[in-house]
Structure formats: structure tokens, C-alpha cells
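One chain, subunit A, links the two complexes that follow: it is found with subunit B in the first and with subunit C in the second.
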Partner chain A sequence: MNLDWGDITAQLLVFFVLATSLNFVIGFAKTLSIHHAALFAIGAFTYANFATRGWSEDLIVAIAAAGILGAGISVLLALGSLRVAGDYFIVASFAFQLLAVSVLYNWTAVSGGNYGLFGLAAPTFAGVPIEGVNGFIVLFALLALITLAFSIWLRRGPYGRIVRAMGESPSALATAGFGELRLKTGIFVMSGVLAATAGAMYASYLGIAQTGSFGVDVSILVAAMVVIGGVGSAVGSLLGAALVVISQPLLSTLDISTETSAALRQLFFGLTLVVVVTVLPRGLVQLGDLGRRLVPGRVGGAR
Partner chain B sequence: MTEPLLRTDGITKRFGGFVAVDHVTTRVDEGEIVAFIGPNGAGKTTLFNLMTHMIAPTSGSVVFQGRELTHMAPHKVARLGIGRTFQDVRLFAEMTAWDNVAVFAQDLKTEKLGPGVLFPRSVLRGERAVRRRVDEVLDYLRLNDVAGVQADRLSFAQQKQVAIARCVARGAKLLLLDEPASGLDADERVEMETVVRKLVEDGVTVVLVEHNMDVVRALATRAVFLAEGRVVADDAPDRLLALPELAEIYFGAPKKDAGTDATSSPVPQEVP
Partner chain C sequence: MDEFQVIVAQGLTFGALYGLAALGFAILYHTTKVFHIAYGAIGVLGSFVAVVIYSGNDPAKLILSVAAGVLAATVVTIAVFQGPYRWLENKGGDRLAIFVASLGIAYSIPPLLILVFGPEIRSYSIQGLVNIREVLGFPFTSLGFIVIAVSAVSLIGLVWALANTRWGYQVRALASNRELSQLVGARTDVTLLGVYAVGGLCCALSATFLGMFTNITSAGGTGLALYAAVAVIAGGLQSYTGGFFLAVALGFLQPLMSTLISSSWATVGVFGTVLIMILLKPAGIQFRLPKVATR
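And then the complex of A and B:
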């Protein structure tokens, strides 16, 4: 088999950051949402505009700007989610996703319309030039590591605890003295910053940003990563992103026609989801728990 | 009269044309155990929801320690020291008993990004205090054994105890218990009564909604009888439960109600 493992690794790391950002909202706050491809796009076009307009080719600058934009939009989305009861937010979230894509398509000055913005120069990071796939992998691995550490820290700490409690029962959380408004806004903002960061990483790596790569299908793909890996688990987002990103080119290397391989990909994807939700309802991270139970002499303590 | 811990002043709640709570004026003094009793639909739980401002009153007001609660968000009411449990318990189902209590033990400042996530030293210091507090509360209610168990895997009685533990962890001065005895067997009921008495000894004032009259007799220092949203009687439990007309409302008065009972006239009467 002839797989470009460098490319797969770089993309995997980007999608891990994006999946983590969605996990904050779906996994921790239990708010179903489907607008993360739009936040991803905002990050990508922020970098693309900074690079093509000659403002800055430093990824840190683009991430900072994209983070501010992602945070601002997430505040609005959080306020919206508080006005729409429960799971109905997914409809509003879907509407935002469609709206964002349509605005981008038509706002040619920012998005380059159908063609997108391309030929972006390779970035620097804090002044250090990033060269070749290996350069990107080193940088992205570093960013992914920070993301993973932050996600674990958040989940195990006091903020993550009350966000998860909000996901379980906002009315019971209110009796603890915590209001929904501040918490939901906070977790949405952290999620928005991270999604936009992933977008800036993505565009800087590909050297191109096209509206077509940020459709609702990407939102669904990322949601699948979160579910397959394990909803609410920090490590799960990594496993889910890995499985989805690696499986796609793997299936297309099979010696069959493109048409069959596309169908096969869909089939594989659907089967994976079905197997995971029936056999491993808590996602791939459950495999770790099962493994631990098989090792004698180790007693699982309270987490 | 001294200012009561909590009083309601002509509080009324209408749902469309239905008056669930109708001009209820009552008070709860410090150290009391007040039981609200009455038939289903008398407005007991609605009154609880009004007291914690989970729902807004149509008119009237609730005053806690001299502060009017009428326009306060539920989480702000909780911050003043009013704790409550729910008929349907509402634990954080996928979290452990320990984490359930920890939510109520952690500093209110942790809802901000700084002390909640971004400042590691402040987070770690806070978590140390949380660990001490949670262990202390679980000890107090003898729940240590179930600390690591996921809440939805606890027995119903244990879940109800964890719900009380949560309020204790937040240091509630007034505790509203919505049907604390429902679904418990005799032993579990005695255990619950012991817990409530211990709390009262330690300075908590308790209000409860309860259908089990043995529990009301055993626990309450005062009972308030509600029917159709109104206070019908307010007295010591023994005296109040001896009133024959209340038993009639509670268990239904067959002669009076026969004509309006839907099952007795299957065809609705058309009004010409």
C-alpha cells in the first residue's frame, strides 16, 4: 500500500483539535450542535486572508485573530442555545452552519467565492518558519498535545464538573447556585476558539481555503469522530479522529474503482457507527476499560 | 412577631385559567420542620417552585431573611441559602455520588474561566478544599461507601440521600424537601427521618411536602394543609390530622363528588 502517512498525520492532528472543540459542547455540555464546520471555516479564512493580504504569515497571529472571531460568534450561539429549549438547538445550529457557508460563498472579497483562496505561503510560527510536512507535523503535534492536556484538565477540574452537571440537569445545577448563562457561554467560547484554531492550522497546512471544504458534511464527520471515540472523553476525540482520518485514504487505496471505493467508504463509516453505538456505547475509550479489566491485580479506582 | 426565616405574601400562580396556588400567605420560622400536606394537585410542589423561584409568581411575593426573592434567578436564590430536592431526585446521573456533592461544594467563583480553568494554582487550591468538604459531608451522612458509584446506579434511597448531601454541602440554611419519603421502605424512612433530625439539630430549617402521614407526625413541628391552592389549616400535625373535614378532602368525599366525577357520566353533558 502506498499511503502518504505524513499527510495523514498532519490532517489527523488538525481534526483531533476540531473534534476536541466539538466534544466540549456535545460531550461536556450535552448540547447537540452541528455548526463546527462553520467555526472551522472562520479560522481557515482568517489565516488565508492574513496570508494573501500580506498582513501576517505567522500562524500565531492568525490563531489569535481567528480565536477572537470564533469566541465572538460562539457567544451569540450560546445565547441562542439558551433561548431554544433542549435538543431543538440543533436546528438553530444547522441554520447557522448553512448561513455561514452561504455568506462565505457570496462574500468573494473574503472567501474568493467558488475558487477559494489558494497559493497561501507556508507560515511561520512565532517567527520560526514551518517547512515541509515534517515541520507541520512537529508544530501540530505540539498544538495537539496542548489541546489534549487542556481538555483533560478541563474535564477533571471544577469548571468541567459544573459544565457536565449542566448537561445532566440545569435545574438541579441552579440549586447549587450556578446559572446556565455564564457557563454555557464560557464552554461555547472555549470550543469556538479551539475550532477556529483548527481552521487556521488546516488552511496553513493545505495552502488553500475553499468554502466547499467546510460544509455540513464536515460537521457531521467531526460529530462522528466524537461519538466513535467516546462522547465526553478527552482521549476519545483523539481515537475517533484517528480512526476516521486513517480509514478514509486506507479504503481508497484498495484496487477498485473510485465509485465502489466511495460507496465502500460510506458503508464502512455507517458500519463503524453502528458497531460502536451497539457494542461500545461509550466509544473506543471503552476498549481501554475492557483491557484494564482483563489485567489481573489491577482494581479500577473511582475516577 | 419577629421576622420569619421565610414568608410568602399572598403568593398566587395561575396556569392559564387554572389557579394552582391561590393567595397563600404563610411563614416558616428558624428551627421549624414545616410539612405541607394536601391531596394531589393542591399546589404543594408549585408552592415549592415559587419559594425557590423556579417559576415566577402571577402575583404576591416571597421574602427570605427580609429579602424579596420575586425577581431573582433560581441560582441566585440558592446562593442565599435555600436548598431544595426534587420529587424526581434529579441527580447528575452520569457523575459519581462524590462528583454530585462536589458540584455543591465548589466555590461559586469557579463558574468564571479564571478560577475555574485558567489559573492552575487557584484551581488546585479550590479542589483541595472541595475534597475536604465532600469527604466531610459524605462522612456526616454516612455515604462514604457509595462515593465512587455513578449516581444512576445507586438505590433510590441512596439517590435521595445524595440529593440531601448536595444541599448540605452548599450549606443551606433552609432546606425544602419534595416528598422525601416516597419510594422508601420502612427502614429507609427511619434512616431519612434520622438524617433530617440531625440537620435540624445542626441549625437547618426544613420544609417538606409529604404524603406519608406517619412521616409528618414523626418529623413535623407544624403542618399546613393545602387544598385547591389555598391554605385550609395550619396547626400542630397531631391536631391538624385529627380534623375530620381534612380527611374528607384528602381521601375524597364520595357523596359530594359523585356528580362531578367524570367516570360516573361517560357522556359529557352538552350545555344547550
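And then the complex of A and C:
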């Protein structure tokens, strides 16, 4: 099988960062959002504008700007989530996704309209030029490691535990004196910064940013990565992202048309989402727990 | 014919269409509490079945093919609610889990339609129904009148049935307290079958009507489900009329925004309004049915 593993690895690392960003909101705040593709798009177009306007080709500058934008928008979304919760927030999040992509599409000075912004020059990172796929892989691996370390710190640290408790029972936490506003805004901002960072990484790697690549289907696909991998788990985000990223080149090796291949991929993820949520509610990471239980003699295993 | 008349005719037609979609979403949402986002995709599935069966220009064949589409959508609605949703409910799955399952189903149906029926965009050959004719200066189509009539009859029929029939009492009882209504011996499964049938009917009819005005694409259900969900949620809990009239207002919003801003920015105006509406008035517009009376 002739697969481009370099391309797969680079995209896997981008989508891992994106899936982790959504996992913060779903796993910690227990809030399902369908607007992550919009935050991803904001990051991508921030980098694309920095590169095409000659402001800076340094990815670190674009990531910082994208992060500020992502954080600002996430504050507004967090305030919205305090006002409306559950199904109401899902609808608001859905509407925000469509609104943001429509604004970008029509704002041709920023997005290039239908054609997007293309021919973006290869970036530098802190002044070091990124050359070839291997250069991107090294850089993205570094960013993914930082994301992973931050995710683990958040999960194990006191802040993460308090935010998770807020997701389970906001009223109990309020009784204990913790304000929902600060906690929720914090987790939304972290998520927004990471999603925008992933967007800047994506556009710098592909050398193009088009609004068509950031539709509601991408938001659903990212949600699928998180749920299939395992809500609240960093390893789960990696597993979910790997499954999504590897499936596309795998299907393209079959002797079928591009449309059939795309349809099969979408069908696979849709059905996997249903099967995982019904059979493995904690996602693929649950398989690891099941495996440990089946191996005798291990701590927590079958005796 | 000025812009005002065009806005009124288009707004009423598409508003009635979204109203019909909102009625089906409302009865499913209020009764089962499931945020059934696959609603639009299932409607498009019914619409695909109808357009594949329909050939020629015969009104009787058109009615029969639409009936087949409605039947297909109803069967799928029952299968989805009795299958994965019930399975999750029985296993103690929360609303988020059921919503994710619904999202998965909504994501699976468009590619399934492409694989079964092919990737080409479908359209009805119903030229006579979409010709514009002026009524008191307003540019309506015959299909527009049919949509408005079907939606109005559906709203009146559903509100009447909910307020006056045994099934309606049971639906409202289920919506307010499922456990209690099961405890007092209500035949919840039979009642729910009726709910699913109304949901299937409304989603398939609204998607088919939408396909008759435009084209039928496999991914066309997302917008329909969103409009229905927004209208029902912002229309107020247990308020069928609130959801319906809010959907009609959404139908007016698109041509109004096209005139006021521009057609390309109209979508921004519509979703911006929706977002503001949900955030400012999350409790929705309250047009409540009278409380269940004891007999």
C-alpha cells in the first residue's frame, strides 16, 4: 500500500491539537459545541492574512494573533453558554458556526471569497525556516507535545478537577464558592486558543485557506474524533484524530471514485459515532480498560 | 410588483414550509425530550425516495410518490427512536449521548443517499406547480398555496388533536411526566408510534416541498433541521404555535435580509438574528396549550 505517511503524520498532529481543543469543552465543561470548525477557520485565515499581506511569515506570530482572536471569541461564547445551556447552547453554537463561516465567505478582503487565499509561502518558526514535510512534522510534533502536556496537567491539576466538577454539577460548585463565569470562560478560552492554533498550523502546512474547508461537517467530524476516541482523554483525542486522518488515504487506495470514497468515509464515521456512543460510551480508550481487565494478575485486572 | 409583495409571497411560502418542519420537530422534542438533529436528514431521505419513484407529470403519481417518501421517513424515524435512542435511554445514557447518536445518524444519511441513489442532484418535473401567478398583486405559485394550506391544516389539526383527543392527552401526559403516565397504565408505545408518524410526516413533507422549490441534495437536511430546532427551542417549551409562528418569521427573514442588506449577506443576517434571539430570550415565545384537564 503506497501511503504518504509524512502527510498523514502532519495532518494527524494538526487534528490532534484541534480534537484536544474540543475535548476541553466537552470533557471538562460537559458542553457540546458545534462551532469548532469556525475557530479553526479563524486561525487558518489569520495565518493566511499574515502570510499574504507580508505582515509576518513567522508561524509563532500568526499563532499568537490567532490565539488572541480565538480567545476573544471564546469569551463571548462562554458568556453565551452561561446564559443558555444544553440543547439551547447546541443551537446557538450551530448558528454561530454558520454565521462565522458566512461572514468569512462574504468578507472577501480577508478570506478571498470562493477561491480562498492560496499560494501561501512556507513559514518560519521563531526565525527558523520550516522546510519540507519533515520540517512541519518536527514543528507540529513539538506543538502537539505541548498540547498533550498541557492537557494532562489540566486533567490532573486542581483547576481541571474543579472545572470537571462544574461540568457535573454547577450548582454544587457554586455552593462551594466557585464562580461558574471564571471557570467556564477559562476552559473556553483555552479551547479557543488551541483551535485557532490548529487552524494556523493547518493553513501553513497546506499553503491554502478556503472557507469550504471549515463547514459544519468539519465541526461534526471533530466531535466524532473526540467521542470516538474518548471524551476527556488526551489519548482518546489522538486515537480519534488518527482514525479520521488515516481513513481518507486508506479509502483512496480502493478502486472507487472520489465521490464514493468521500461518501464511504462519511458513512463510516457517522455509523462509528452511533456504535461507539451506544456500545463504548467512553470511546476507544475504553477498549484499553477492557483489555487490562482481561489480563490476569495486573492491578485492577481479573483474578 | 414591488419588493414588499415579493417578500410577503416568499416569506409566507417558505415560512409555512419551515413551520411544517417545526411542527414535526416540536412533537418529537416536546414528547421524547430528544434533540433529534437527524430530523432534517431523515426528511431528505423521504424526499429522495419520493423523487426516485416519481416520473412523468401525473399529479396522482406525484401524490403516491410523496406518500411513499413519507412512509420511508416514518419507518426510519421509528427505527431511530426505538433503536439507538431507546437503547441509550435504557442504558442510562444522558441527553448528550443521545444527541451524539443523532448527530452520527444525521452524518450517515447523506453519504448513504449518495451510495444508494448516486451523487447527482435531483429535481421534480412539476413545471405547472411552480409557475408564478399574481394574487392581489402578490406573486404566489400553486405549490406555494399547497404548502401554506398543508401547513395551516397541519397546525390546526395537531393543536386540535393534542387538546381534544385521547391520543393528544396521552402525548401531553408523556411530555410532562413519562414515568407517571406509564405508571397509570397509559399505552406509551402506541402513543409514541403516533408521535413518530407525525414527526416522519412533517419532516418528509417539508423536505419534499423544499426540494420542489429548489433541488434535492443529500446534504440539504442540515438547514431544515436547524431552522426547525431554532424555531421550536426559541418558540417556548411545549408551545407548538410559538414554534410554528417563529418558523414562519424565519421564512420571512431570508427575503427581508436579501432586500435590506444583500442576498450574499442575508445568511449572516438570518443566523445573526437567530443567535441574538436565543441569547436574549432563551425562554422563548410562550403560546401554551391549555393544561390537561381531568375527565
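By definition in this document, the second predicted complex is superposed on the first by the 296 of 303 C-alpha atoms of A that agree within 3 Å, B and C clash if a C-alpha of one lies under 4 Å from a C-alpha of the other, contacts with A are read in each partner's own complex, and residues count from 1 in each chain.
Criterion: a residue touches a chain if its C-beta (ideal position, glycine included) is under 8 Å from a C-beta of that chain, and two chains touch if they have at least 3 such contacts.
Fair warning: this is a prediction, and the values are worked out from it, not measured in the lab.
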Would subunit B and subunit C fit next to each other on subunit A once aligned, or clash? fit
By the touch definition at the top of the document, which applies to A:224: first (subunit B), second (subunit C), both, or neither? second
Who does A:186 touch here: subunit B (first), subunit C (second), both, or neither? first
State whether A:98 touches subunit B only (first), subunit C only (second), both chains, or neither. second
Tell me which partner A:88 touches in the superposition: subunit B (first), subunit C (second), both or neither. second
In the overlaid three-chain picture, which partner chain does A:263 touch, first (subunit B) or second (subunit C), both, or neither? second
Looking only at contacts as defined up top, I'd like to know whether subunit B or subunit C touches more of subunit A. C
If you take every C-alpha pair with one atom in subunit B and one in subunit C, what is the shortest distance in Å after superposing? 7
Could you give the residue numbers on subunit A that contact subunit B in one complex and subunit C in the other? none
Within their complex, subunit C touches subunit A through residues 35, 84, 87-88, 91, 93, 95-97, 99-101, 103-112, 114-115, 119, 219, 222, 226, 229-230, 233-234, 264-265, 267-268, 271-272, 274-275, 278-279, 282
Can you list the subunit B residues touching subunit A in their complex? 52, 54, 73-76, 78-79, 83-84, 86, 90-96, 98-100, 102-104, 106-108, 110-113, 115-117, 123, 126-127, 130, 147-148, 166-167, 170
Parts of subunit A lying in touch with subunit B, wherever the complex brings them together: 153-154, 157-162, 164-165, 168-169, 171-179, 182-183, 186, 189-190, 301-303
Contacting residues of subunit A [partner subunit C, same complex]: 30, 32, 80, 83-84, 86-88, 90-92, 94-96, 98-99, 102-103, 106, 216-217, 220, 223-224, 227, 259-260, 262-267, 269-274, 277-278, 281
